[in-house]
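In the two complexes below, chain A is the common chain; its partner is chain B in one and chain C in the other.
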Partner chain A sequence: MAERRFSFFTRGQCIVLALLAATPLLDLAFPSIQLSGPMRTVVVYAILALGLNVVVGWTGLLNLGIAAFMAIGAYAFGILTAEVYPFQVGFWWALLLSGAIGAFAGWLLGAPTLRLRGDYLAIVTLGFGEIVQDGLKNLQAITKGTEGINPLPKPTVPFGAAIQSGLEIVGIASAPAATKAAEGVVAASSNWFEISSATPARWFYLYLILLAVVIFFCRNLEFSRLGRQWFAVREDELAARCMAIEPDKAKLKAFAAGAALAAIAGALFASHLASTGEPANYDFQVSILALCIVIVGGIGSITGVVLGAIVMVGLSNVVLPALTQAMQRAGIGSTENVLSSPDNYKYLIFGLALVLMMRFRPDGIVHTRKAVKK
Partner chain B sequence: MTETEVFLQQVIYGLSNGMIIALVALGYTMVYGIVELINFAHGDVFTLGGFLALTVVGALGAAAILDPNTLSDSSHWLLLVGLVVTAGLFCGFLNVAIDKVVYKPLRRAPKLTQLVAAIGVSFILVNIALFWGGAPMEVFGGGNAAAASKDFPEILEGSNLLGEDSNVVLRLEDLAIFVITIPLMIGLTLFVNRTRLGRGMRATAQNPIAARLMGINTDRVIAATFLIGGFLGGAASVMWAIYNNTISFQMGFRAGMDAFTAAVLGGIGSLPGAMIGGVLIGLIRAMSDQYIETRWTNVVVFGVLILILVFRPSGLLGLKQREKV
Partner chain C sequence: MSSGAPLLEIKGIVAGYGSVEVLHEVSLEVREGEIVTLIGGNGAGKSTTLMCASGVVPLRAGEISFAGERIAQVGGGVRADLLVPRGLVQVPEGRRIFPRMTVLENLMMGAYTRNDPAGVQKDLAHVYELFDILKKRSSQLGGTLSGGEQQMLAIGRAILSKPRLLMMDEPSMGIAPLLVARIFEAVKELNRSGLTILLVEQNARAALRLAHRGYVLETGRITLSDDAQKLLVDPRVLASYLGE
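And then the complex of A and B:
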């Protein structure tokens, strides 16, 4: 990878991004569905899973508590932006800072635990996840317990106002009619760069751009010196040590990088909900969903992980609830009969996904990428 | 209540819960000792044992053969032992089946692959418990919703064995737990130490390849391990249900984590370690409930788990082992 300083997106990454970018078009075609809102969670989980992928996929460490870092990011974002706290640093600073706080938390957990064997490390991370969740629930003075911190700000487009006024001077963006064409069904305000719940498509695109930035970051991390160290540690710690790689340091960096991405996902999630929500939003099930995304999508592959997020989160957060509602409206399913509600199959789907992937790609976690030979 | 009485009461709670945790912990530690797998699904096998017991109780009650409320004294105990055996066998064979279908093909795969598969099984079992709880049966009190906790009927009469005047309460349930768990543990110890199959288990735990060379049918040993571990888990689930009088589809996660912590605390792979660890975790929980706060108890338990893993991964009774390269 010496010929270029940065590598941009691969063909696969372009395809998944284009696929995601096309979803608001579905809103145009079927105004009754409105996918842009729920699809934001897909983007959030994609970022979360990319963080987990750094740890599980590239470094070969099983982290079962990634949701804890998501929670830390969400609550950091909440505390940094909510009106009840003195900071109120705004969306972008809070996003960056929560990433940094997440990295610090990852470093804090990783420093004493990373020398543990693989399966013990997995259990420690699981325990950490439960401790964080219970801690957030119990420290009501700071976290507002199960109420969550709210309201939280929506994202703003940086320099959006300036660009808007610039466009107005040039005379492109004066008429609200122009935005109508760009936005489809939602008759938005005349400001092109204002994001609100009335403009789900813009909000979605902003998140999508952030996802693209994260993908760009991961892509360039992957074959950097550090990324190659991670692969070496994953394949054979002893051999890596012989190559003058310090496995503990490399692992710690992976842990911190994964935690930072998870925290950013948490911050975006909190902004998406306009609240941190209750601590149970970041429970073990979320960690497992992230793990399913990474494993189903293809461990170690950025494109695969994003695709996995589209499939798994799309299924569990978009398709199943929609199906449940539709069936109830049609009078087929009922809340009385547990089997007839598609939403109740979530655990089964997660579980089967994990079991089948492990069964038929048993080398899953450790040996996946042929690309390492580059 | 005086300070001492409060303390004694917590000791009773702690011991009773600890014995239940120890039974579950034995299932973790035996399986880990033999195949080096953290059987993440064990806690959920335990859950299904509770659901089976409730279904059996309900079926008997509904058929008016054995109404739990009108039983004579000895038949209470008969019912209890019957439930322990039924749920135990069910969980034992379920555990064996899971091993055959899921874990066995992965026996030579990396440990993390096996662990992820076990987590997958755990989620599948949780979903099965959810469906089971939603079954349209009259027996499930406590709300019709599938996810709601189900009431488990009082099988043993709840008068204070220490006399009505005593502030410290020792219920028949507490006694039942000891009467049932202690023989099980003694039986297990004798089995592992005195029988041919038990010797095979110890040999397989030490070195599976050498054990096979010595003519030990390791597949049978492993199946027996899963069977016994599952049986103890099923027995524990019945004890848990009669002690707490409620079961839910997610109870296995918490119980499983307590039990795993107990197994690690005692030294994973060690049978006496799991028993001692279980009792210790039970006592820690009870003391934390009383002297810290109930809502922090889980944090305390997970804190213990992490500290043990970081500072003494071999546990209290485990041997120091170097990881093979």
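And then the complex of A and C:
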């Protein structure tokens, strides 16, 4: 088999990344809205859904508990970085370790349960999601219960300080005034690489770069030997066995890979909130949202899943809240009247979107392959 | 036909599922270069015999050797995924292709364990020569092929695993007679190019015409074994399986 070393992004993947990269420009155009902050959640959910896509889209296992792995990632990140714990390993180490812990958790859940098929596996993953949530709520001594672990650190740019001082020596980045001009409306510190809530565009771009890394990882996984194994297992387990593939091992690896990505999404989510938040942040709704992203976007397609995250999370976390705010400012909507605030129509729109997608485009916005009836 | 050394030796195997014993001391051997057919009715244990050889169904007694090496015995054996690289390849019953992969991708899955790109390309060319329809349809999804074409694809995929012994389970099942003839011709051609074949069939007449030797399996026991030509005219076979 001709082995390709690495493949970079497809045209579709470039388009969705460029689409996301353009959002801070909207901040320049409409300074009052400030999309860069809420848009980070789009990136977080895109990574979560890409993790779910490995399991559901590529290996054909229905996982209804992906939020549990997100929670595990978030709490691992919290415990590894928060000041009340002795570790404080910093953003990047915590991110990597969260991914590793997530993979281990995926393996731990998968080992005894992956012999189950279809609906039975779905029920076990669903139960696992609830157990993790309740566990986090009740292990107060470690997880701080419903308070959540906080404060958590923001990301840092690796070698940012060194590059900055290098630039200062060369004379490119000395005056804070120059920085301000470059950043537009954002009142930034003189350090180009410092990320804070005052520099939402930089923070967003850092997350976007991480999303690009995850896409690159997924794309090369898709066409690797392991990716072929997953597809074969999804299509026909017995035939895969006849091709010298061990379905159980392949499934376990898919579960671990998906859980690792979900945990990384969880860690980024916690850093974004500066807190793990309460365990209910990782409830069944989140698993379902991730599943909807995968289905609406295009099951099995990386481009589709990212696009699905832009559409679904963009709608619920960015467009609807912004619209609600704008309407309140204009005096059209009010907090007293629930019907007048678009934010409350979120699930109605999701439900309609799902029904319409299933009716008119069952393979998702971007479909990899037409479903073939056996 | 000069037969070589025994490639597959099945000695007195007993196997079953749960409390049901399906095979009661089945013995057979396939020698290098032969086509051997295992015929018998529904539920006789034909597929189970193949599953035992592939390491999927465990043995309760007896042993199985491949190329002089023991691959299955009571309490274990060689792992199923290690048998394919050694050249023991099965084409499972019922055309188990990968429906949402293209024909070429399906074929390449067969070469999944191999590390010799040049050899793979050569075998791919061989498969395309054998079944030219697969070349025509190489970028089509497997699930869009007809039943006969899917069976050709399943055989082609197995050939890309570079087998020494190809075990085929009911390749004629549910396929148009014209395509069955085409498939059996291909089996003959593969055998001529040096491949040893163990063919499990319900279509006894076609299988016996093709094979060198045959075994008749009845409710888990081998009741007859002889040269295929002799079995074709054996009154017991005629009565039970050839409908005369």
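By definition in this document, the second predicted complex is superposed on the first by the 329 of 374 C-alpha atoms of A that agree within 3 Å, B and C clash if a C-alpha of one lies under 4 Å from a C-alpha of the other, contacts with A are read in each partner's own complex, and residues count from 1 in each chain.
Keep in mind that, in the parts below, a residue touches a chain if its C-beta (ideal position, glycine included) is under 8 Å from a C-beta of that chain, and two chains touch if they have at least 3 such contacts.
As the structure is a prediction and not an experimental result, all values here were calculated from the model.
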Which superposed partner A:Arg11 touches (first chain B, second chain C, both, neither): neither
Contacts of A:Arg228 with chain B and chain C, given as first, second, both or neither: second
First (chain B), second (chain C), both or neither touched by A:Glu246: second
Partner chain(s) touched by A:Leu238 [first = chain B, second = chain C, both, neither]: both
Touched partner set for A:Arg329, first chain B, second chain C, both or neither: neither
Which of chain B and chain C A:Leu339 touches, first, second, both or neither: first
Partner chain(s) touched by A:Phe350 [first = chain B, second = chain C, both, neither]: first
Comparison of chain B and chain C by chain A residues contacted: B
Intersection of chain A interface sets (partners chain B, chain C): 238
In the complex with chain A, residue positions of chain C that touch it: 54, 56, 79-85, 89-92, 96-101, 108-114, 117, 120, 141-144, 154, 157-158, 161
Touching residues (chain side chain A, partner chain C) in the complex: 1-2, 225, 228-229, 231-232, 234-236, 238-246, 369-374
For the chain A and chain B complex, residues of the former touching the latter: 60, 62, 64, 112-113, 116-120, 122-124, 126-128, 130-131, 134-135, 137-138, 238, 284, 288, 291, 295, 335-339, 344-348, 350-356, 358-359, 362-366
For the chain B and chain A complex, residues of the former touching the latter: 38, 102, 105-106, 109-117, 119-128, 130-131, 133-136, 144-146, 253, 257, 260, 264, 293, 295-296, 298-299, 302-303, 305-306, 309-310, 313, 323, 325
